Every structure is written in C-alpha cells, then in structure tokens.
Amino acid sequence: MPGKLSDVLAHAVLVITLPPLMLGVINKTKAAFAGRVGPPLLQPYYDIIKLLQKGSVFSRTTTWVFRAGPVVGVATALLAAVLVPIGGRPGFVAFDGDFLVVAYLFGLGRFFTMAAALDTGSAFEGMGAAREATFACLAEPAFVLGLLALARASGSLSLSTMLGSGMPFVWTRAGASFVLVAVALFIVLLAENSRIPVDDPNTHLELTMIHEVMVLDHGGPALGLILYGASVKLFVFAAVLARLALPVGIGPTWAAWGIAGLSVLAIALLIGVVESTMARLRLTHIPSLLVAACLLSVFGLVLLVR
Amino acid sequence: MLLALVIVPLVLGAVAFATPSPKLRPWLVPLGAVAHAALTLYFLMQPAAAALGGWLVLDPLGKVVLGFVSLLFLICAFYVPGYLALRPGRKTSIFCAALLAFLGTMSLMILSHHLGLMWVAIESATLSSAPLLYFNRNQRSLEATWKYLLIGSVGIALALFGSFFLAYSALKGGMGSSLLFEDLVHDAPHLSIPWLHVAFVILLVGYGTKMGLAPMHTWKPDAYGEAPGLVGALLAGGLTNCAFLAILRFVQICGAAGEGAFARHLLVVMGLVSMAVAGIFMAGQRDYKRMLAYSSVEHMGILVFGIGIGGLGTFGALLHLVNNGLGKGLLFLSAGNIHRAFGSKRTEDVTGALRLAPASAALFLAGFFAITGSPPFGPFMSEFTILNAAVTGGRFATAALFLLMLAIVFIGMGATVLRVVQGEPSDIAKARGYKERFLTVGPAVVFLVLVVLMGVYIPSPVSGLLHKAAASLELQ
Amino acid sequence: MTPSLDPLLVLVLLLNLFLLGTTRLRAVIGSSALQGVVLGVLAFVVHGHAAIEAFLVAAGAVIVKGFIIPRLLYKAMRDAAIHREVEPFIGFIPSLLLGAVGAGLSVLFAQTLPLVPEHKATLLLPTSFATVLTGFIILTTRRKAITQVVGYLVLENGIFVMGLALLQAMPLLVEAGVLLDLFVGILVMGIIINHISREFSSMDTARLSSLKE
Amino acid sequence: MNEWLVVGGIAVAALSGVPGLFIARQKATGERIALALLAIATLAGASGAAHALVASPHGSGLAFRWPVPGGAFRIYVDTLSAMFLLQIFVVSFLGAVYGLAYWKQSEHLDNGRKLRLFYGVLTAAMALLVSARNALLFLAGWEIMALAAFLLITTVDQEKEVREVGYIYLVATRIGTLCLFAMFAALFALRGDWNLEGPLDAHHSLAVAVFLLGFVGFGLKAGVMPLHVWLPGAHANAPSHISAVMSGVLIKTGIYGLVRITSLFPSPPMWWGGMVLGFGVASGVLGVAFAIGQHDIKRLLAYHSVENIGIICIGLGLALLGRALWRPELVVLGLGGALLHVWNHGLFKSLLFLAAGSVIHATGTREIDLLGGLLKPMPRTGLAFLVGATAISGLPPLNGFISELLIYVGLFRATTHGPGMLWMAAALSAAGLALIGALAVACFVKVFGAVFLGVARSESTARAHEADSRMVVPMGVLALLCAFIGLAPLAVAPVLDRAAATWAPEMSTLLSRSVVLAPLGWVTVVSLALTAAAFLGGNWLALRVRAAPAGVGTWDCGFAAPSARMQYTSSSFAQMLVGMFGWALRPTVHGQPPHGLFPSPGQFQSHVPDTVLDRLLVPGGRATERAFHRLRWLQRGSVHAYLVYILATLVWLLVWHGGR
C-alpha cells in the first residue's frame, strides 16, 4: 500500500538527510560526555562530500569486487530505508514479509562488504571480515525473533502495519514483551552498526576493530559511499527501534514527521550515551551479548502466548 | 520313459570314462547335458509322468527342480571344455565321467518318490561328486573332499534314520509301514504325531547337512573353496537344491498330517540361524570363494525361511531356488576365471580384477549385486516376495530380522567383492598374462542374462510351473 | 516277534561298548565286522518266516558288512602302514561312560515314543539309538581317519537295526542300494585315506585342519 | 502423451552411452554421440515434463502388464513428477556438456566410456523412478540409480580414498533400500496392491511404519543429518560433473520419495510434520556448521547440500503441519517453498560444483587454503561461482531468496495465527532459518574470498587458466536460470500452486495462490530496483575512479611486505565459528603455537572430521567386526568339531522343538 505523494517525499527527504546527522549527534554526545566541544553536528556531511570529491587508489590485488562492495552497501541500505516505516508512517511500499527483504538486503550488503575486504588480501581486513561474519550469525536470529514477536503481537507480516498507527493499542496488550524486544533490537543495532560495546569505530588498534578494519583500504569516493551506507543502515535500525520504543500517537502530518525525525535522533543520542558510558567488550564476550539478545526476544515471544 | 533322464547321463559318463581321446572327451559333457536338457524339456511339456510303479514320479515340484538343474548343468557343461583347456596335465577322464554321473544321480534323486530310493540317489550323488572336489589333487582339496564326504555321509545317514522314523510313524498310525511318498501323503492324517515330529527334526538335520544349513554347513566353505568354480556352481545350484527338494517333500507330508505349523516354525528358525551364521563369517572374509560358500549358506537359509513363512513366501522360495542358482552359477564361474587370472583366491593377492580380467570381474560384480537382491535382478523379486509374505502375515519382528541379516551379509560381502574387483592388480598378477576366452566367459554371460531376465520378465511357462509347484506345497 | 531277538541285540550293545573301550585298531575293525554279521543274523531272525528276500537282505548284510568292508579297512591299514593304537581325543574310560550313558538315554528316549505293541517288549529301538550314538561318539572322539570310517559304519549299523523294525518299508531293491552305497562309500573313503596317508604321511585327521577361518 | 515423451527420453538416455562402447577408446566420436543422444533424450523428456507442468494433468498415464510378481509398468507424470523430471533432464544434460571438456575421452582412456555409459543410465533411472507409479518399478529405478551412482563415484577406483567412500556410499544406499523394501511391504499390506496412490488412513499402525521407514530410507538418500554420512566423501571424490548431478539432482530423489509418500495420507498426525521440521532445522544448522569447518572445497559444498536438504525439510514439515491442522496457506507456502528450493538448489549447487570443478581442473587441488586470487585468471568461472554463492546464501536478487522467503512467510503465518505448539515450533524454525542464512553467508564469503580473491597461495594456483568454453557455457546457463527465478518468481508460482494441489488433493479447492500469500511481485520490483541501483552506482564509481593509479600494493595500515602466506586463510576465517559449534563439530587441532621471547617457528593445523561417521559409525563397525572375528574359531577346521555341531543341533531341535 504505497503512501501519499507527500508522505513519499517526506520519507525520501528524511532517508537522504537524516543519517549523517545521526552520526553527528552521536559524536556531539560523546564529546559532551568527554567535556569537549567536539566536531560540528554537520561534520559527517562535510566528510562524505569531501571524500566523494577525492581521487582514489586501488591495490593491484583487488578486482571489481573491491569496488562493488561500497556500491552494493549503499544500494541495499537505501532500498531498505525506503521499505521501513518512519514514525508510524508506512514506507514507500509495504507488503507481507517486507522485513525479511530488509534483513536479507542487509545480508547482501554485508556479503559484498566482506568480499571487498578479502579482495585486498590483507590479513587485517580478513580478520575484520571474519568477525563481521561471526557476529552477524548471532545478530540475525535475534533480529528475526524480535520481528516474530512484533508480528505475533500485531498479527501482521508487514513492518508498516506492525509499527503502524495501531502501535499504541498493541502496546497496551503486549507492552512487557515489547520492552524486552526493544532491548534486544537495541543490542542488534549496536552489533549490526559496529558501535561500542561491540566494536569501536574510532579506535587506533586495527586488531580490535571489526567494521572499520574491513574498509581500511577503501579511500576517496568508495570510502564516502561506505560512510554514507553505514549511516543509512544505522538510520534504518534506529527508525524501527524508535517506533517501537516511542509509539506516540499520530497528530497532523507535519507533526508526525517531526516526531519521527526527533525520535530517530533520540536513538542516536542514546547510542552516544551508551558509547560514552560503556567500555568495549572483549571479542570473546560479544557472542554471549548477542545470545542474550536472542533470549530476550524469545522471552518476548513467550510472553505473547495466549 | 523317465528312466532315460537317469540312464542317458550315466551311460555317457561311462563312455567318457572309456574314451581314449582327451581332445574329444570334454565335449561329451555338453553332449550329455544337451541330451538331458532335451529330455527334460520333453517331460516338462507332459502333464505328469511316472515310472517303476510310482517310484519315479515327475510332480510339479520335481519339474521345477529338474528343469532348473538341467538348465544349470547345460550352461556349466559348455564351460567344461574351456576350463579343462586352462588346466593342462590334469586327468580329465574321471572328472568328465563323474560330472555326468553326478547329473544322472541328481535326476534320479529328483524323480524318486520312494524315500529309500531318494536316499540311495542322493548318497550316490554325493559319492560321484567327491572326485570333482578332488580335481586339484593337492593337500587342501584332499582335506576338503574328506570333510565333504564324511560330514555329508553322516548327514544323509541321519536322513535315512529319519526316513525310518517316518515309516515307523505310519506303522504306529496303524498302516503298513511304507516309504512311498504317495502312501505317506495319503495316510498322513493317521500318522503318529510324536514319531512324525522326531522324524521331521532328524530329516531336517540330515538333509539340512547336505543342503548346507547352519550349523551343519561346515563342509561348505572347504568344499566350495577348493573345488573348481564350475563344481561349486553345480553343488550350490544343483545338489543343495535337491536336498531342499527332499525337505520340501517332508514339509508336504507334515502339512498333509496337519503339522504344517510345526514344520514351518522349525524352518523359519533354521533359516534365520543360517543367515546369521553366513553374515558373521562373511565379515572380513579374505577368501572370495569361501565367501561364496557362505553366501550359499545364507541363501539356503532364505529358501527354508521362505517355505517357513508360507503363503506367498512359498512361491517366493521356489522362485528364489531358481534365481539363487542362476546367481551362484554366475558368481562361481566368474570367480573361477578370476582365480585362474590371479592364481590365488586370497584378497591379499587379488585386487584390481577389473583391469586384469575385465569381463569376468564385471560379471563377478554384477553377480554380487544380483545375489544380494538388488532390483532389477531376479533374486530381488524372490527375496522381496518372501519379505512381503512375512509382513502381510503380520510377522514384523521376523521380517525385521530377515532384513537385518540381509544388511549384515551385504556389508560383509560387499567389502570382499569390492576389494577383489577394484584397485590396481599386483605386478606378479599382471605377469601371468591371463586372457579372457569365449568359452570361459560365455557361460557366465548366459547366467547374467538369465538372472536379469528373471528380474524383468519371468516367462509365463516358468511362472506357471512355479505356481503349480507352490500350490502343491500349500495344500494342507 | 520271536523271543530270541533280545540276546542278539544285547550282543550288539556289548559290541558297542567294546568298540568304545578297545585300544586296538584291528580289534575295532573286527568288532564292527562282527556287529555286521550279528545284524545279518538279526535280519534273518526278525523275518525268519518271510520269503527269500529277507534271506537275501540278511546275506547281503553279512557279506558286505561282515567281510568285504573289513577287508577294505584292513587293506587300508596295511597300505598306510599305521601303528595300531586308536588315539582318541578323550580317554577310553570316559568314552565308555559316554557310551553307557548314551545307551541309558536311548532306552529312555524309546520309552517316550509311542511304540507299536510288538516292539514294546524288545530292545530293538533302544539298541538302534544306542548304536547310532556310539557311531557318533567314535566319529567325534577318534583321531584316525580309519576309526572315523568305522564310526560311520557303526552309525549305519544302528540305522540298519531300526530298519529291521519295518522291513516291508525297505524292499530288497532299496536295501541292496543302501548296501551298495555303503560299500562304495567306504571304498571311496578308503581311497581317500590312502591318499591322505601318502600326502600327510599319517592318518591323523587332526592334521587335516588347514582349511579354517 | 507426456508420458510417452518421458518414456522415450528415458529409453534414449539409458542407451546414450552404449554406442561409445563400440568405438575405439582414442576417438572422441563416442562422447559426441553420447551427448547428442542425451540432448535428444532431454528434449523429449523435458518437453514432456514441461507440458505436464503447464497443461493441467489429465488421463491416468501409461499402464502395461509386467510379468513379475506384483509388477505393473505404470507411468504417470503429474505436477510433482514433472517438476523433478524437468530438473533431472536439464541438469544432467548440462553436466554432460561440461563433461565433454572436463572428462575428455582422450585424457581418460580407461574409464571415459564407462563413465558416460553409467551417466546415461543414471539419468534414465532417476527419470524412471520419479515417474513410476508401481512400487516395483520405483524400486527398480531407485536401485539402478544407486548402483549407477556407485559406479560413477568410483570412476577412479585406483585411489584408496575413492574406494573407501564408494564402499561407504554403497552400504548406506543399501540400508536405505532395505528400509524402502520394508516400507513398500507395509504399504502393500495397507493397500493390497502395488500402486503408489492415496488416500490412505494415516492413523493405521502400518501407516506409521510406512512414514518412519520412508523417512529413514529416503532421508539416507537425501542426506538428512544424521543420515548424511555417505554424502561428503562421495561428492568430494566423484568427478565434478558427477558431483554436480548427484548433489543437484540425485539426492533430490530422496525428497521426491518423501513428498510422494506423505502425499498419500490426507490427515497426517501432527508429529509427522514436527519430526520433519525438527530434522530439517537440525540438518540445516549442523550441515552449514560442518561446511564452515571444511578445507576441501568439494566437501564443503557437499555439507551445504545437507544444509539445503534441511531447508527443504523445513518447508515440507511446515506443509505437513498445515495439512494436519487443515491450514491450506501453510501447505501452499511450505510445499511451494520446499519444491522451489529443490529446483533452486539443483541449479545453484550444480553451478557451484561445476565452478569448483573448473577450479580443480585449472589448479589441480581441492584444498581451499592453497588457492586464492583466481578471479583474475578465471573471471567467468569466478563470476559464475559468485552468482552461485549469492544464490545459495539466500540473498536477493537471486533464486535462493525466493524459496527461503516462501518458507519464511509460511513460518511467520504459522506464528501469527496458530495454536501454541505450532507457533512456537514455527517461531524457532524461523530463527533457525535465519541462523542458517547468516552462517551460509559467512561460509560462502569465506570460500569466495579464499579461492577467488586476494592473491594465489601456491605455484599451481598462480598458473591457473580460464576454463574451456564447453565448461563455461553450462555454468552460464545455470547462472542465468538462477537470476531468472530470482527476478521473475511469478513465472514459477503457478507451478508451485499446482504442485501443492497435487500433493494435497483434498484441499485443492481451498488452496489460495502463493502469489497472494507471498510478496512475489514486490520482490521482483525490489530486486530490479536493487540491480538498477547497483548498476548505476557501479558505473558512477567506475567513472569517478577512472584516474586511479595502477600497480600499487595493498596499504594494509602501511605494513611493509605482505606476502601471500600472510593472507587470512579460510581456516582462520572460520576459526571463531568452528569454536562456537565445537560441541558438535569436535575439531581436531594439532601443532604447537610459537611462544617465548624468541619463538621457534610454530605450526597449527585444524581438521573437522564428520562426527557421525568418523566418531560413531566407523568405530562401531570395527568393534562389530572384531566381535564376529571372535566367533570364527567355530570354523576351526576340525571335522570332529563339525560332527559335534550336527549332533548338538539334532539334540537341540529334538529337545526344544520336537518337544512341542
């Protein structure tokens, strides 16, 4: 059920503009915690634009796969972004099982990002790819289980309906399990977007990184695309989580969109807080965190037995 | 005149013994086989023939066994000249004579409806097969012959003993004691049951020894292992089936006496025991001819098991009598060729037969698949029929055991067969320079064709004969 | 049923025990031959009134079992030039005991089976069973091939005794066939024994155990 | 009509290898003739099957007398049979084309002709068994297939390993066949005749026997964990195009058997579905887990067959549950997904095996950790492999995604509306499916990266060359088919609906169409959008970086001299995951890591054996054989002992049985 034109436009605007801003918010928050001024909110935009204008260098070991990585990453993220509803407003299109398409689009993006990393033949990037693959194996079931809980509660198979206008009423029925699911999805968000405590985007020790180390060899436009794609992915998860965590009713259109954007930024804020207050986990402990996320979702499901 | 079936081979045997020319002599065997086959064909056409005042009768059961034995011998006979050509410097006069005498006595055994005469016939068959086993004239074959003769003679001595018990049960039943099959069946309702039971047990052990049911099978591995492949084929498909026929006759009498259940129970037990023993001894068997002997033990077990199951199983067993015989012929002849090619029957020395004797090895492999009951070969049909009889009879545990035994046997036999056919032959073996010949491969090919035919298209005359025979067994 | 049967049967039983007890090969063969003769006489006595054929059967038995076969065995002995002990696996006393126990069991077994009236009184069937058992004991406990042949012979004798109980079941022709087979069988066995003693320079069948798993 | 075409195809295929036997070994004429005949057979058979798919099935097929006990020559091609037939003929033909270059007669004088002979027989047997409607005809096809496959696996029987895996396969398939003997016997007792037709009462005790025996018998062929023991070795050691046919088509006959047998029972008990579902999840997860631990590229692919069979079983189990609970939509989605996955796996798994074959052909090794950087020398093979890898990982826009989506949607529907047991089971299976998908992604990134990306890890790999066009073309065709189903699932949807109706005739009126139930149309839209976006973006980037300097090395954080051996190997890639599944995989690790201030050169090897086979069955078998050997003294050569046996038997029977 495609939305009205205005909705579509608003959705498109948010998808294109908001993601880098989220990164900005996160950085600002962390700076605030660190007592620094920090980079301007719009810094990510500047970075991406600058990168897109730069020239680039490709290792002789690489092939077209290396270039395909960033492109596929962005393409899948954007497609996912237009499928998810934002703040109770349906996505461009909504159909049964669209969340599966979203999940598998990200899977495709991950596949090519990792392939690109391996294409360099560098041990570091291989290491990063291995970790990405490993942790995704646990994040995926947690995500699906969470969505199962949503589907069971809302009796629908489409994100736009699950997180649609019915949300408040569903909350009254299934609040408890939604809290659990929200926590689970937040953990998944941190893992999928390689934030602390799973991964540290701006550490200086490659040995401990996951996502960053995979893209070590990308530079210029490619890196720009990767940055943007990553932020869009973060945005998608944040949008889902925001709607689940803050299922406020719908006022007039403009207000609804405003609320949607703000709630997404609020998630960014939350991430910032977590990143500044928590330490990075040891790699060997990350699986247990994700398993915990799975269990939370399962409990969320069990609570729905009736 | 039924007697011709007996006389002709014997006479020709005598002729073969007397013939001076070693060139000509081997060809007398095929001659005798052809004559016998022709006579057999003629009598199979006839409704039912009798001679010597009912002492010799060709009833449906007899028709099946006689027809098959004649066919088996016919094919094997054409293997003889080729085989003897491979074994220069051996005395062929006794061999050829004994072969034909063996055929004659087996025919007598099949025809005779007087239990005493039957005993005489099978004893003579045993004696006439002794020289065949001793063909190789070495210590091992001597030992094998001795065991075969002693165990066999004791076994059939017991059989005679059992026959007397049977006669006595008639005597006790108030009739004149007679060993004529017809009389016994006719007076069966009056037979004295305890005597009948004891008689059947003794007869089962006695003829079971000849048939090679475990644990009376002990002579088999030695005999089949040391005898020429061709003799193995004739024993496994001929003499054992004659002994089986004898047991069938006693099952008929028990059935007529209303004691069928008792007999069938014993048969099922003996069948399963034989299959189990075969499976145990096949595991890790290093001598592929001894392996074939155990396979024969297994299939004798399947035969009596099928009869024991009864109903459809009876037909299955009779069908299996034919299929197993054909399969054994195929296996023994090809194994014989492989033995000639490598000069050994131990799997330590025999590997990669597919490269040294391609045709024979391929035939051997096919024979293995056939005898283990793979569709679309004949034995599958019979074994499957027997299995169905067991399942439809509601005897699930028995059926499960049957399948388990089949599995064990397959696992054991497969290991040995594959070790023989696959891989690289040793250089010593290559140096022997064996060549496949038409006369040695041809008969095996015929067996293969027949065993496949029995699996994909059972000619109606054959199935007609089998059905008649099964019906004659089923009447209670 | 003439009363003069049982003494002969007892004689047969005694010969069984003697066969088990004696250490001398010649004695063994001889006693088996004697047993054959006794059986012939028995056959005649049982159907004494019967026609010529009973006489023929009896005569055949006497000739084959009592004379020809022993000759064969003695010849085999000479050819193989074997020394005379019987060499059992188990001692003579145990085998005697076995024989005695066997005889007892045979009597019991005969009791369990329903006999026709005229056999109730006689030892006919017990003797038969006991003799068969004796044959088995000799077959399974004596080392020499030739003693095993004797064992087989005794086994046959036991069966022959059983046959006496139902002569009309075994017409002359069959009876003759049986005797003929027996004779040929022993002949062939003799030949093989001959080869054995040539190949293995001994008749000790314990040596004949190279074919095994 | 269809049946005649199919029968003709079967006959021609069966004979395709025969003319070659009469042509001199050195000549290539034989292989050409065989291929031509196989082409004719495929034309006939596939067209017959295709016609049966598009036109609704009518008539009752062919039936001739067959003079064997219980035999009747009954052939009937309904939608289920047709789906499998089409795949059998197409894949076998492509494999044969590939074989033309991969297994040249001129290079394989001793076994080339034999291989082609049984290749044709195998194709024919598979086609026969999926169209047979008589138990004995089915069994005949089944066993001929099994034996032909055995002879193909052991094509190079000079090698010890080949002989061993051949034997294991033979034993496994025979045990399966014996189970089927029992199953058909039970079916006969149930039906009273040999026809494979329903409806039958599922609550009869014999019906349970039929189901369980069928599950074991067919599961052994399909390779359901833990019945998969024969599969990895056999697939790894057969010639690659044989592996392709076996993994792509042959093991599916096991699935066909399960589908056919379950179709006979209108109202199956719920535990049937639950059981199939459970085993499906188990084989899916464990299959892929074992795959991740492998070093041998073909063993790895083989374990992925186990995984995909698991996915198919999940679908089938869902369909069974739907049938048990009278939920038509679950039947459509479950069975549709399962059958479509049968097709898809047939396509991409054969594709992967063929690609692996050309890698092996070019480099002479199956060891993943000796390969690397092959995308440059063999771009076409690499692209084909990438397509296959993406498809088997169930990623859009390729076909694997479609079938998994159908099953997912079915599971979610079962979750959203359903009684307790059902929806919890469905939910857990969905999670399991997600886990499987993610693991598959990991595994195939590993393989693709280690084999085709980076730099060559060995001399032979460095000298690799692109495959012969006769090998590339079949791969291309398969890749295109994968893309087609992925982009236009609506084209196959009607077939799936009809298959579901054939499987559950009692529901045929209620069955809604899979198009309604699953977003196939939208998937097409998204996939096209994705392709377009990737294409545009790619071109943009290519233009943007046209001026990039060539010939620079990997920056790698400024590491000075990276060498090929420093690359992350597939084993290191898999290490964490293998550790995660260590409870099931039980990897064996040897070698000593370097330690101390000035470490001496250390070494490290890890190896993942097949837990069921190497740790359970083989030791068990050895123990049994030892036990049997202990009984052998019975046959000790002493004639006296033998005579004692006779006497003992006599006494035993007299005492125990004569006494009655």
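A, B, C and D are the chain letters, set down in written order, and residue numbers restart from 1 in every chain.
The rule we apply is simple: a residue touches a chain if its C-beta (ideal position, glycine included) is under 8 Å from a C-beta of that chain, and two chains touch if they have at least 3 such contacts.
Being a predicted model, the structure only gives us computed values, none of them experimental.
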Most distant chain from chain A, judged by the mean position of its C-alpha atoms: C
Which of B-C and C-D has more C-beta pairs touching across its chains: B-C
Euclidean distance of C-alpha centroids - chain B vs chain C, Å: 31
Between chain A and chain B, centroid-to-centroid distance (C-alpha), Å: 78
CA centroid of chain C to CA centroid of chain D, Å: 69
Interchain centroid distance [CA atoms averaged], chain B/chain D, Å: 43
In chain D, residues with contacts to at least two other chains: 632, 635, 639, 643
For chain B, residues contacting two or more additional chains: 146-147, 150, 154, 198, 221, 281
For chain C, residues that touch 2 or more chains besides their own: 139, 148, 205, 208-211, 213
Touching pairs - complete list by chain label: A-D, B-C, B-D, C-D
Residues of chain D that touch chain B when the two form their complex: 66-70, 110, 136, 139-140, 142-144, 147, 154, 157-158, 160, 163, 166-167, 170-171, 174-175, 177-178, 181-182, 185-186, 188-189, 209, 621, 624-625, 628-629, 631-632, 634-635, 639, 641-643, 645-646, 648-650, 653-654, 657-658, 660
Interfacial residue positions of chain D with respect to chain C in the complex: 632-633, 635-640, 643-644, 647
For the chain B and chain D complex, residues of the former touching the latter: 146-147, 150-151, 154-155, 158, 197-198, 201-202, 204-205, 209, 215-216, 218-219, 221, 262, 265-266, 269, 280-281, 283-284, 312, 315-316, 319, 352, 354-355, 369, 372, 374-376, 380-381, 384-385, 387-388, 390-392, 396, 399-400, 403, 406-407, 410-411, 414-415, 418, 422-424, 455-460, 463
Chain C residues within the chain B interface of the complex: 112-116, 132, 139, 145, 148, 152, 155-156, 158-159, 162-163, 165-166, 168-171, 173-175, 177-178, 180-181, 184-185, 188-189, 192, 195-196, 199-200, 205, 208-211, 213
Interface residues, chain C side, partner chain D - complex: 89, 136, 139-141, 148, 205-206, 208-213
